[in-house]
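These notes open a run of structures that come right after.
Shared chain: chain A. Partners: chain B in the first complex, chain C in the second.
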Partner chain A sequence: MTRFRLLRIIGPPLIPLLVLTAGSELLIRGGIIPGFILPAPSAVVAAVALNTRELLAALGRTALAASLGFLLSVAVGLCAAIALSTSRLVERALYPYTVFFQTVPIIAIAPLLVIWLNYGLKVVVASSFIVSVFPVIANALAGIRSTDPALLDLFRLYGASRSSTLLKLRIPAALPSILTGLRIAGGLAVIGAIVGEFITGYGLGDVIESAKTQQRVDLVFAAVLLASLLGLALFGLINLLSYLALRRWHACEQNG
Partner chain B sequence: MLPPSRPPHPAQAGTPLRGTDAAAEGPPAASSDRSGVTVVIDGVRRVFDGQTVAVETLSLRIPAGQFLAILGPSGCGKSTLLRLIARLDRPTSGAVRVEDAATAVAESGAAAAGVGIAAAIGPGAAAAGPERARGGAGGGPSSSPAPSNPIAFVFQDAHLLPWRTVLHNAALPLELLGVSRAQRLAVAREELVQVGLGDALERYPAQLSGGMRMRVSLARALVTRPRLLLLDEPFAALDEITRQRLDEQLRGLYLARRMTVIFVTHSIPEATFLADRAVVLSRRPARIVLDAAIELPPQRTAQLRTDAGFARQMRALFAALQDA
Partner chain C sequence: MRFPAAYPRCVLSAVLGLAAAVAPIAAAARAIAANTTAPTTPPPVIEAPTSPALVKVSLALNWKPEPQFGGFYVGEFTGTYSKHHLDVRILPGGSGTPTVQMVGAGTVEFGIVSADELLIAREHGNDVVALFATFQDCPQGLMVRTSRGFTSIGDIFTHPGTVAMQKGLPYARLLKRKYGFDQVNVVPSPGGDITAFRNDPAFAQQVFLTSEPLVAQKAGIATRTFLVKEIGYNPYTTVLITRRAYLEQNPAVVRDMVAAVQEGWRAYLDDPSVTNRLIQQRNPAMDLETFAASAAAQRPLIENEETARLGLGAMTAQRWTALARQLAELRDIKSAPRAQDCYVWPSK
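This part shows the complex of A and B:
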């Protein structure tokens, strides 16, 4: 019974994957698409098997950098949102500049990061942070701002201080939006990390760069696949966190 | 019990109001320092953004321990008036005073009219927040161990914190007032039992029906042992049967505690069933159209709704509301 239910959840998304994999395998084996343009799925798997050690080491580095960038985004983003929420004046003065993080073409300023931070992990973390911080700020701020006015009245009626209103009302009430921001930021953190790695030569980004110059499309695909899986894992982790935090009270975790 | 030497209330405009002071007729209140406070609305006017007049120079005196229903068409400024009384908003001109009759008598000798804890608010009295009033109310000779907030507010919807259990929701006001954990949970449990939620303490708001949520909201308002309870169309969103049951419960709680209650509603049957006095407001800007006593026995049960006297009271209010 439960096994059947599990199949119903996992089954539907598996079907397109199987069709796509089998289809491309056939097209490439049949010579319709040349293997140097699109590697056969079997070739990608083989590339992973042959370069397991190298790929896993790169994956570990990228995972570390993306996680650090993500955590930095969460910490800085939440503090910024709280600071911006303290007054309309502060928000009006500073919020436009946070939009900068959203609009900055990271690929263009990544070389600057190298100049400022030297090569290596720091550049990758910075790039990951720049790309992923804005959704954290924007969603947290929207959440904190949209606190139920009646509840604010209630807190005022009992003479609650600003800090206790923030901790006991505004932040918990904003939790669903904060977690939405984190979900978006998780995927972006991996993308930002890979971009930083292209420039500074680090982790999976480096594997992709060098495989590309060697025309090893299968290895490029293998690295891209791992990067996507990393983003997916981070997303899953945040979803789990969200479920644990909200399951008892929020509709979005109860009707799921 | 209110002091018998209390002077009669002047300035109650309108129809037969003597004898509506239910405090004199009902069963004795639990403890004297917990009886209601007198609310004096003195020429209050509230203008929003310099143009929209929500409340037009309105004066009203609500004697201690009275159950007042405020009726009026939607959007007429009833809620604004309630927020002004709760000191969640300030009048553009005029003042709202919350006076403690018991303290005033105890201090008799001090200034003649309207002294007591009087937390006056008006354009000039910025500092008079809940803080001051609380200090005054708790400072009586027989103050209870828990600090109390004299004013409680029940909103149109339950407005609970969804991430807290029923018990912790009800305990919130005491938590904000700095009452110790053990004590506030004990008081909250007691109040929840009072409203019939003794077996739902550990549940979350999302797991409750609308009526149950509203009762949590009521218990939350009662944990501070308020001396003035303000309710802003609290049961409007509930089905008729749940609403009637909550009305009966509220009337029972009122009789047991003798707090002053101001109940905003647009339902004539509800106002008639609950209140001792009804004030009908006009369309915005709010002015008083009718101020009438509801002459029904203090103990009110479900049977009262089919009573001829009940129908007569309702008719009178209905006529007034037509003209509003």
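This part shows the complex of A and C:
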């Protein structure tokens, strides 16, 4: 019974993976797609095996940078959302500027990032933050704004203060939205980190850049694979957090 | 020189991936079409009849429209291409445009690469061949401020400072082997952007002799550029390539292309002013004065005694063999290929 359940959980995502890897392996081995354009999955695995130490060291650096960028986004994003939710006037005055983070062409300001923060980890964290902060703000704000009016009336009826309404009602009720924001931000934090790494020469971005210069498509994909796994791990962590926070009371963690 | 552009390149890679998936199908379709039509089409006997049918081909550049491609643009502006029965679509490139893969995948018929890129591509099974070598001497170098008083490329690595260059490039690894990177902080190349260079007096960066030093000069900074040629690494640069399959199926088109390009470069070297004005409209970020200075600076790298003897764009087996040996020594390639597999030159 449990084994069957495990299969039901792992099975469905495994099928497309198998089809994709087997399919591309066949297409490349059969000479239909040249290996210098798309490396065979076996070549990617071999590249991981041959460069394990270099890749793991790079992965560690990227993981550190992306996590810092993500945590910064969460902290700044939540504070910003709470501040914006305090009044419609504040929101109208400042919210448009948060959209700036959503649209900032990170490549264009890259040379400046390097000058402001110097080459190294800080640039990577900053890039990760810039790219991932907006979804945190937008989702948290939407969540805080959409508290059930009946419950707000109830709090008012009991004479609850603004701060206790915020802490005991608005924020808990916004949790599902906030967590959705975090899920989006997690993946973006990894992308943002790698963009920053291209600029400053750090972690997986540096490996990708060098491998590309040397036309080592297999190594590029090996690094991309690790970056995806990192994104997946962050996503998993946020899902776990979501489950722990919501399982007792919210429908989204109870159905299915 | 090439910008570590992440987003555009990711997108480009995705597009390329798709193109790669589609290319074989398209190629097969073309092959079928060719097979069915070949017997019925009479062989072209007359050189240039009244037939206005031009062969449409694409040429992918690996950088923005600049004087380094002057001769390639001439044909488009003056009709040299159509005189040679060609309708050439020139695609400007940018930060790390993978022209060698684009040519190999059949996305474009012709592309611009450097000789070392071509050798490494061939090592990975990408059967591309060189047709015309614009720069006989490699214009790649490292730019520093004159005020640092350096007299050789080695000085850059024996004094503390920051060096911006693509670590994966063969010459970067050659420099590392020769001087070590212990004294300097090696960071990615900002690709044409000199902001960091302006900001930090101890900053050295990878440049094309014909681009960044002129921009720095305009910004009022006295610079000196040491060419990588100094350490004996001198690949042909801005080399016109095609893939072997295309060459074998369309020898006449390739011959026309090389002839048109050669004429174009001759015209450009004789008088770049008109062409510069036209190219500049496609790259307004660079002013005409810089265009003129760049065209003047690149001239001795394009035209020398060897080209006087063999013709513009000429290549020799010795040069290809020497480069292949260097790359084999750097382990970029397993063994040096035969020079005659790498290039086609009408005069040999």
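Just a few scattered comments:
The working rule: the second predicted complex is superposed on the first by the 256 of 256 C-alpha atoms of A that agree within 3 Å, B and C clash if a C-alpha of one lies under 4 Å from a C-alpha of the other, contacts with A are read in each partner's own complex, and residues count from 1 in each chain.
Convention: a residue touches a chain if its C-beta (ideal position, glycine included) is under 8 Å from a C-beta of that chain, and two chains touch if they have at least 3 such contacts.
In this text, all values refer to a predicted model and were calculated from it rather than measured experimentally.
Touch criterion met: A:36 reaches chain C, while chain B stays clear of it. Contacts of A:10 after superposition: neither chain B nor chain C is touched. Once the two complexes are laid over each other on the shared chain, residue contacts for A:89 go to neither chain B nor chain C. Once the two complexes are overlaid on the shared chain, A:201 sits against chain C while remaining clear of chain B.
Once the two complexes are laid over each other on the shared chain, residue contacts for A:159 go to chain B alone; chain C is not touched.
Of the two partner chains placed by superposition, only chain B is touched by A:151; chain C is not.
In the overlay built on the shared chain, the residue A:172 is in contact with chain B alone; chain C does not reach it. Of the two partner chains placed by the overlay, neither chain B nor chain C lies in contact with A:18. Contact comparison for chain A: of chain B and chain C, C touches the greater number of residues. Applying the stated touch rule to the two superposed structures, the chain B and chain C interfaces on chain A have no residue in common. Of all the residues in chain B, the ones that touch chain A in their complex are 83, 86-88, 129-131, 134, 149, 151-153, 155-157, 159, 161-163, 172-173, 175-177, 204-206, 224.
Contact residues on chain A toward chain B in their complex (touch as defined above): 148, 150-151, 153-160, 164, 168-169, 172-173, 175, 248-251, 254.
Within the complex formed with chain A, the residues of chain C that make contact are 3-9, 16-17, 20-21, 24, 96, 98, 100-101, 104-105, 117, 120-121, 124-126, 162, 166-169, 185-188, 190, 193, 195-196, 199, 332. Every residue of chain A that touches chain C in the complex is listed here, in rising order: 32-38, 106-107, 110-112, 114-115, 119, 194-195, 198-201, 205-206, 209-215, 217.
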